[in-house]
Structures are given as structure tokens and as C-alpha cells.
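Okay, handing you the structure first.
Chains: A, B, C and D, in written order; residue numbering restarts at 1 for each.
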Amino acid sequence: MSEIERVGVSLEKKLLLDFDRLIAKQGYTNRSKAIRDLIRNRLSQEQLADPTSQATAGVFLIYDHHATKLAQKLVDLQHIHLLHVIATTHVHLDHNNCLEVIILKGRVKEIEKLGNSIASLKGVKLSRMNMMAAEV
Amino acid sequence: MSEIERVGVSLEKKLLLDFDRLIAKQGYTNRSKAIRDLIRNRLSQEQLADPTSQATAGVFLIYDHHATKLAQKLVDLQHIHLLHVIATTHVHLDHNNCLEVIILKGRVKEIEKLGNSIASLKGVKLSRMNMMAAEV
Amino acid sequence: MSEIERVGVSLEKKLLLDFDRLIAKQGYTNRSKAIRDLIRNRLSQEQLADPTSQATAGVFLIYDHHATKLAQKLVDLQHIHLLHVIATTHVHLDHNNCLEVIILKGRVKEIEKLGNSIASLKGVKLSRMNMMAAEV
Amino acid sequence: MSEIERVGVSLEKKLLLDFDRLIAKQGYTNRSKAIRDLIRNRLSQEQLADPTSQATAGVFLIYDHHATKLAQKLVDLQHIHLLHVIATTHVHLDHNNCLEVIILKGRVKEIEKLGNSIASLKGVKLSRMNMMAAEV
């Protein structure tokens, strides 16, 4: 647990009122937490802009589970790319569609390559990727 | 499985060459699949712009597992919002940090509210949300 | 000019150090200004999520200036939609391509409709839109 | 003007119907144009991911025109960064606020640096950046 510092911030009264109204709506009960979250997001975004930095990611994909050998190809891909898969979750959405979430760690660049490779697989209908800086 | 149609598309030779080069790099072996994916993504994006439409979502959050009662609050939130949680996956990232992925279904509007509520919880350091149109 | 308030924010020492390093790199000489900017951006984003709110926007488009009557169609579109065009800037990029920037005010919903209508015009190759909340 | 090719694309009937409905709503009268636009956008996005590639950009900023010497600092910044400013448009939004749009060409990396430098200037309240690949 890191040491806590207290800093002063000056801002226009109207800006402060608007911000307090917004964060109350979002459920914040603590203004410092809301500002910390803005800062942490900005830093995470900065870190992810560097393709060689480490990230934790989730790859989401919806696919047709009738597609032949897709499961095997997914596993193969995770090995080709230099990535450390931590967990996968598989959900049956309906008769045709499966959702799979792959949680992994690795360099931003490698994660993006994996995302592209997965999107191009036969049977994959939609894919999305979430990345978060490894250090938070 | 939907019936397949074949349509003709006319485009500049240079645009076609550039596109073929890009999709080869991404691992596509089939140009129709690459164009279908662009179309499906565009449609999904359109559907999600409507706050009342149904979506499948993944909420990612990194949190400090020393934060008191966070696990309980997360469960409570999932009940307050009118959402159907399908699965959650929990990963221990390091001594302090946990990653949790919550896969759920519901209206875009409700999913966004849940995302905001989760971000504001004490102990949650980063959160990201992925939405995909329910019908694909 | 709004009255200035000073508030205290507590945050982890490491988070503060990382933030100070980032904003120095970006050219900030004042931490309060950097935090105000994060807050203002967050508020602007929130406001733009409401389709009925007022915004200032810039529509960028690159088009083939050989396309017949495009200039006239652009002017027509600006009148159909309930928008107030403030200024347009036209730049000759190369032999074939023009860049036009249309600065306008109006409701988020109407601006988005205009953006779609412009993208679909014959001869328009790329278009992008920037929106900023009207009140800042 | 580039030579035109005609290619065949096979896709599910339902996907085609949904796409035709969407593009009609957006004002497209030509399906090939809608698909070309999706492809061009994807390529532009790819090109911009390379920090050394050339781009055309628009920097939007809203600033308090009482801020001292901002106009001069903006001009200075445009010279420090290795960028070619093509045009600027200045609009008086209200008593306090000005909107300035700077249209420029340069490498993605340099344009991003300029954007950061501008955001950090005293008096600048909001800034946004639009980039488009130079070749389209």
C-alpha cells in the first residue's frame, strides 16, 4: 500500500459544482476518489500508447460454435503469440452463438496481434478487446 | 444459419490492393469474411447507440482486494440494476490486485449505469466496459 | 470569469509522482490546470452523451473535388438540418482532394445526422467529427 | 482517378438486409459506396496507428481569449513542432470563449505532441484532435 499525500487543486466554482453533481450521479461519495480515478485512467491510457509496455487484457469474442475446429485454433493462437493466458470463460449465448472471454497478460503489441488473428478466424462474428496498464 | 447471398462491390483498384494487403497482415484468408466483419461491427455500433437496445457486456475491474466488503457490494450492485449476470471470473493479479470480469446481458442504459456504479466503489482502481449488440 | 475555489485531494504518492511526470512531458507547468482539464473533459463527455444537448462541432471531410455538385449538396445539407454553421474552411490538399472543415453549433443529435448525411455523399472519401460541449 | 474493379462478396441474407436498412437511414443510395467507406476508414485507422506516417489533422481548441499572449504561444508552438500549418480558422463563440481550428499536415507523432502542448497552455479549456491518413 502506497503512502498517501494530500495536494491542493484550484478550480472555478462552477466547474467544481458541475463535477460534484456528475460524480454524485455516478455514485461517488468521495471527491478525491473521483479525481484519483481520472488520473489513473489518464496514466493507464498513456502507458498503453507504448506498444512495448505490459498490459492485462480481456479479449471478447462471439462465435458460431458450429465453426469447425475453432476451439483448437483459439488455443493454438494463444501459444503462437508470446502471451500468458490467465483464464478463459466460455458462455453459451444461444443455439448458435458462444461468448468467450480470454484474460491474458503480455505486451500491448502482442495482444493487438492476437486480437487481429482472432477476428480473422472463420466463425468469429464479433470481437472486442479491453486493455489495462499492468501497473495500477 | 442464415441463407447466403452474393453481391458485387465496385471499388478503386488501389483501395482494393491496400485492403487485401491489410487483411492478409491480420491473418484473413478470405476477403468476404473481412468485409462481413466490417459490416457486422458497423451494425453492432449502431445498435449500441440506442440506450434501450439489448447488449451482451463484459465489465472488467481491477481492485484492491483489501478493500472491505467490495465483493459483497459488487454482488449487491448486480442485483440493483436490472441485469442478468451470466458469469463472473476472478483472477489474482498480484499481492494487492484482483481482476474481475463480469459477463452480463441487459439494456445498454442499465449496463452503463452499472459500469459507473462499479467505478465509484471504494477499492476499485480501474474499470473498463465492453459492449456487443445482443443480436449478431 | 468564475470565482476560484481551492480543494484538497488525497492520493497515493506513487500515483502523484507518475501523474507529475506525465503532465511535465505534456508541457504542463501547473498541476491544478492538468486536473481541471481532466475534469472539464469528463464533463464535456457526459454532456455529449445526451443527444438533446447543445454542442460546438467541427466536421472534417476529404473529398474528390471532381465530384459533381458536391459543394452545392454540402450547402443544402447544412440548411436541411437545424444547425447553425459558423464558418467553413476549404483547403486544396492535392490535385484530386479537398479538405473542408465545417464549424457549427446545434444539438448533438442533429450534428450526428449531418455527419452521416455528409459521409454518404458521392465523392466524399473520409469524414470525421469532433464535438465539444457548448458550455465549458 | 484510379481504375475501378468489381469484386464479389458473400454474406448472410439477414446481415445484408440489416446493412441495407442502416445505410439507407444514413442517406446512402449506393451500397458499393457504403462498403468502400468502411474499407477506407479501416485503412486510415491502420495507417494512423504508425506514429511515423503522414497525416492531415485538425486541432480544435476552445480558449479564454483573455488569456495573455495565448495567440502568440499558439503560433510559436506551430513552429517548434515540425509541422506544416495549412490554415487556421478563428471563431468568437461568446464573450469569453474563442474556438480555433488549426489544419495541418505532418507525422502522426509530431501532431500528437502538438496536441498535448496546446492542451497544457494556460487559458485553453478544451482541445480535440482529428487525424486522417494523408493518402486516401
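Keep this in mind: a contact is a pair of C-beta atoms (placed from the backbone, for glycine too) under 8 Å apart; a residue touches a chain by one contact, two chains touch by 3 or more.
Please read these numbers as outputs of a predicted model, since none were measured by experiment.
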Shared interface partners, meaning chains that touch chain A and chain B: none
Whole-Å gap separating chain B and chain D, where each centre is the average of the chain's CA atoms: 25
Whole-Å gap separating chain C and chain D, where each centre is the average of the chain's CA atoms: 9
Chain D, residues touching no fewer than two other chains: 1, 40
Topology of the chain contact graph, where touching chains are joined (line, ring, star, complete, other): ring
Of chain B, residues touching chain A in the complex: 1, 23, 25-30, 33-34, 37, 40-41, 44, 56, 58, 60, 62, 66, 86-87, 89, 91, 93, 96-97, 99, 101, 103, 116-117, 119-122, 125-126, 128-133, 136
Complex interface listing, chain C residues touching chain A: 1-16, 18-19, 22, 31-32, 35-36, 38-40, 42-43, 46
